[in-house]
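There are two complexes below, and they share chain A, which is joined by chain B in the first and by chain C in the second.
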Partner chain A sequence: MEKLLDVKNLSISFETKKGIAHAVRNVSFEVYEGETLGVVGESGCGKSITNLAIMGLLPENAIVKADRLNFKGTELLNLNEKSWQEIRGEKIGMIFQDPMSSLNPCYTVEYQIDEVLKIHKPELNKEQRKEKVLSLLKDVGIPAPNERLKSYPHELSGGMSQRVMIAMAIACDPKLLIADEPTTALDVTVQGQILDLLSKLQKTKAMAVIFVSHDLSVVRDITDKIQVMYAGEVIESGSTEEVINEPRHPYTKGLLDSIPNFHKKNTELYSIPGIVPDLLNRPNGCQFAKRCFNRSDDCEEALPNIEQRDNRSLRCLHPVVTEGIKE
Partner chain B sequence: MKRFLVERLLQLIPTLIGISLFSFFIIRMVPGDPVLLMLGERGADPKIYMEMKSSLGLDRPVFEQYYSYMENALTGDFGKSIVSKRPVTSEFFARFPATLELGICAVLFAIILGIPAGVIAATKRNTPIDYILMGTSLVGFSMPIFWWGLILIIIFSVGLGLTPVSGRLSVIYDVEAMTGFMLIDSLHPDVLNEEGLAPFISAIKHLLLPTIAMGTIPLAVVARMTRSSVLEVLRAPYIQTAKAKGQSYFKVIWVHAFRNALIPIVTVIGLLFGSIITGAILTETIFSWPGIGKWLVASIHARDYPVIQGGVLFIAIMIITINFIVDVIYTYVNPRIR
Partner chain C sequence: MSVLTVEHLKTYYPVIGNRDGDVVKAVNNLSFDLKENQTLGIVGESGCGKSTLAKTLMGLESKTDGKIFFGEKDSDNISAKERYQYIQMVFQDPLDSLNPRKKAWEIITDPLMINKKVSKNECIKKAAELMELVGLRSEGLHKYPHMFSGGQRQRLGIARALVLNPKVLILDEPVSALDVSIQAQILNLLKDLQRKMKLSYIFISHDLSVVNYIADETLVMYLGRVCEYGPSELIFGKPFHPYTKTLLKSAHISNSEEIKNFPKLLDTELPSPLNPPSGCFFHTRCPVAKEECSNFAPMLEEKKERQVSCFLE
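Take a look at the complex of A and B:
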């Protein structure tokens, strides 16, 4: 399979009044065609920022550095605004966390989906575009799409809105879809439907998907591989199965242990103690050391290197030894 | 929509009764006597004074006066001016177009310059352009109309000799009042045949300074409101969605952000029409503009009760109507309340 996205040593920092905040440090990953990558980590760990960098949507005070930020042979670093506009929406689609406020309240569903086609498919005429909008609405499972065309966002439920967002994002058959916590704001029942829809579309359209979530249990079902981020660094990655069944980094293990177990009543819920480090004033060594149950003195001396073995990578001096915890 | 219209019309009734009561009694509470003012305070013969008072109906109890005023008003008769002896209604409608023309020009001036200024300031936030635009608008907002009007006259009329000082049209032209709007009347085929475009240009020149004097404060309000409204909208997630679609920066601002930012701006523009009347009183006095502002001030000096009562009521109806139109526009701008 062909390499779609190639990110090597991506660092993103922000100039703030208090100094420079290093939000993302030396993040490297690859996404192949048709593959689903899960990006996991708690709030503020740099998941969304990384993805905004891939879309070129970071705020103006962001400083982006990378050895490579390559999408299908195009170097994205220092791309001009015009070229970005050709990539956004056509080659890379994106959906966001809160579908209700991600749709423009002043325009109809039809207008907003049609807009993407107008920008990127100028060869289509009005009727062809309308036909395409209808078939997109059908693809994302909106009942009675003809009646929904003239609906405004406030007339739609959260799940419906997210379906419309997805229709917009896949309108030009992008090679890559970035889904930034697409189910976080939705009810659990609707969440399942949206996940099913995304994995169905991913297969039929042969898209690669970057699926960002703070919830490992959501990511588990639909991704091929996972990378776990902590304080702007990738600390562990590998195939979904391996990472979930044999977590090596204490943080990954902590995340897995934090998932409440529905079947075990009356047990205390697990949580990782402490808080994420201050991005303006990072510790020298391992960023997770202060919260880690497995730390020793050498952890806080220097930042551990990323160790690559087979398809897994790990940034830890004292990994957890697991003997294949299976459910 | 129909229900909305009917509701608004029903709300009109108590409002108008309230305003009629208010204008009727307030002016009678102000010291001063229209009959005395007409006869001159010295040497008024008590007999003539009483005769005149009863002929105007001012000797009757106040409540009786109000009752007959309302009775006549319901048939469309608002009485006659004590000073000019002409019906209040025709006096009003002879002057109203002049004020409306000036008011519309002033508000358009405010909108056409204020909205782009606000949007530019918002998109160039915290840059010198933003500081210059917002600083200027603060100065404009703080400018007293009477002073600003005089400064404009000194610069453009006295200094540069570009614009006339007073009135609506140069005296050498004779334009018949068809609609009362000079810009429209001067384009009437008869006028065009005889004088060409010259009267129209003269009308524009006469409008220029009063428009600027009256429109400066609304301009500042619109610019500041637009800036803060656009800034707020630019933070919304749907702006990021629009960018993620590959939409150009220009369209993200003008199609996605501006359309949403317009909702509070429309409300403010509606309210501005109300404040235009206050502006009209000052502006019309400075530029000798023959509108209702100047007329009302003169009537208050003369304690011309019927004119004040009728004039205030007409202005109230006008403002209510404009606000109603704004409400209707609002439902088109904001699909959530349709």
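Take a look at the complex of A and C:
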């Protein structure tokens, strides 16, 4: 399989009145063709910022540094706005969390999907584009697509709007689709349908997907690899099954233990003590040390490096030895 | 002992601009019974009437028909003040439901000021007690809501709901806006408070694993009606109604082969509550519907130790 996205030591910081906030620090990962990478972590851990950097959508006060930020051989770091336009929407598609607020309420569904084609596929004429819009709506499972063309976003339900968003994101057959919490705002029945749709599209279109979510049960079901982030750093990554069944980083274990287990009802839930560190004033050593149950003195001295050990990357000096949380 | 009994509760909304007197039946003939120190979970998709039910119980929305009993007392015969000393509510979004211009102690003791004559000093003292009870440091008494984190704000909301010593708390999606690790803290806190203060909860959520964790009994709603109502072990362990099975299947939490292999919904969209289907409301989406389902509405009956409205045997 070919390497699609290659990120090496990506750091993103913001200049604020109180100083420089390091939102993302030395994040490295790779995405191969056709693969699904799940990114999990609490709010503010840098999941979305990393994706915005890949899409070139960061605000102007962001300072981005990286050894490599490479998409299919193109270095993304120093692209100008025009070259970004060619990648965004055409080669990398993105779906946002809240479909209602991501669609423009003033334009019809047809207009909004057509706009993508107008920009990226100038060779198509009006009729061809209309045909393409119709087939896209069919692909994402919208019933009676002909009648839906002239609908405005407020006439659609949440699930339908998310399908329209997906249609827009896949309009140009991107090689990589970034889905940032695509089902968080949806009902559980609709969530199931959208996940099914994403997996189906991924297979038929041979796309790679970066799937961001805080819901580990969703991530477990649809991803191949998983990457856990904490305070802007990747702290553990590996194959989804291995990481979820045998978490080694205390934070990953804590996250998994704090989900109510369907089969163990009357036990108290584990909750991670403390709060995330202040990004303006980070501690010296391991960022998680203050909240960790496995901490010892050396944890707070220096930041542990991320190390590869049997198919697993881990940033921890004292990993947990798990007996395996199997169901 | 029952602390809250609801009998044939109906809340209808008139349709604006419609002259035929059409109504949306947001809560349609709902009956249940909440016992002391117990938790009733209410689940269903958005638009099924969960939040309308909560508002009706609180008296924020007036009921169209039916009875609500707070212990022995009929809700028609009690004043708003009495009602709020009996039942209180915690809202979904902790930031939206706290007044940004008030300090923590003012937020917590507002209900006290309104309902009882209490001096400022007593209020501050009471607020400090409550903050400690919900796991907040009393240094925060004079802070504003934006100075707290999401989880801490939800603790403030809980403290405010507890200040009048109510018997019943309505929790409307109390953890949906929170991260999983914070969610666990709040769930533990709620369980703990229930033990200490003998509280009864109505826990509204769309997250089935959370409801399964916290609720003793569960009520599954669909378009304002009850699908299935009974002990949580049965509802989640051996669901009967096809809608309950669908919910469990979509949530990916059950290990049972029957749930995993349960057929998909026929129609992905919830029918319009303005114009609900004939017969059983669920028949347009039900993968196991029969002919009679579209003609007759099933009654809520006792089947396999729970109440179900379905023709299946």
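By our rule, the second predicted complex is superposed on the first by the 324 of 327 C-alpha atoms of A that agree within 3 Å, B and C clash if a C-alpha of one lies under 4 Å from a C-alpha of the other, contacts with A are read in each partner's own complex, and residues count from 1 in each chain.
The rule is short, and it goes like this: a residue touches a chain if its C-beta (ideal position, glycine included) is under 8 Å from a C-beta of that chain, and two chains touch if they have at least 3 such contacts.
Note that this is a predicted model, so its numbers are computed, not measured.
With chain A as the common reference, the superposed partners chain B and chain C fit together side by side. In the superposition on chain A, A:Gly254 makes contact with chain C only, while chain B stays out of contact range. Residue contacts after overlaying the shared chain place A:Gln128 against neither chain B nor chain C. In the superposition on chain A, A:Asn9 contacts neither chain B nor chain C. By the document's definition of touching, neither partner reaches A:Ser296: not chain B, not chain C. In the overlay built on the shared chain, the residue A:Gln85 is in contact with chain B alone; chain C does not reach it.
In the superposition on chain A, contact of A:Ser217 is made with chain C only, not with chain B.
Closest CA pair between chain B and chain C after superposition: 10 Å apart. Taken together, the two complexes place no residue of chain A in contact with both chain B and chain C. Chain A makes touch with chain C in their complex at residues 42-43, 141, 143, 157-160, 187-193, 214-218, 221, 254-255, 257-263, 265, 268-272, 275, 327. Of all residues in chain C, those touching chain A in their complex are 45-46, 149-150, 179-185, 187-188, 191, 206-210, 212-214, 233, 236, 246-247, 249-255, 265, 268-270. Of all residues in chain A, those touching chain B in their complex are 55, 57, 81, 84-90, 93-94, 96-98, 101-107, 115-116, 119-120, 152, 154, 165, 168-169.
Those residues of chain B lying in contact with chain A across their complex are 236-238, 240-249, 256, 259-260, 333-336.
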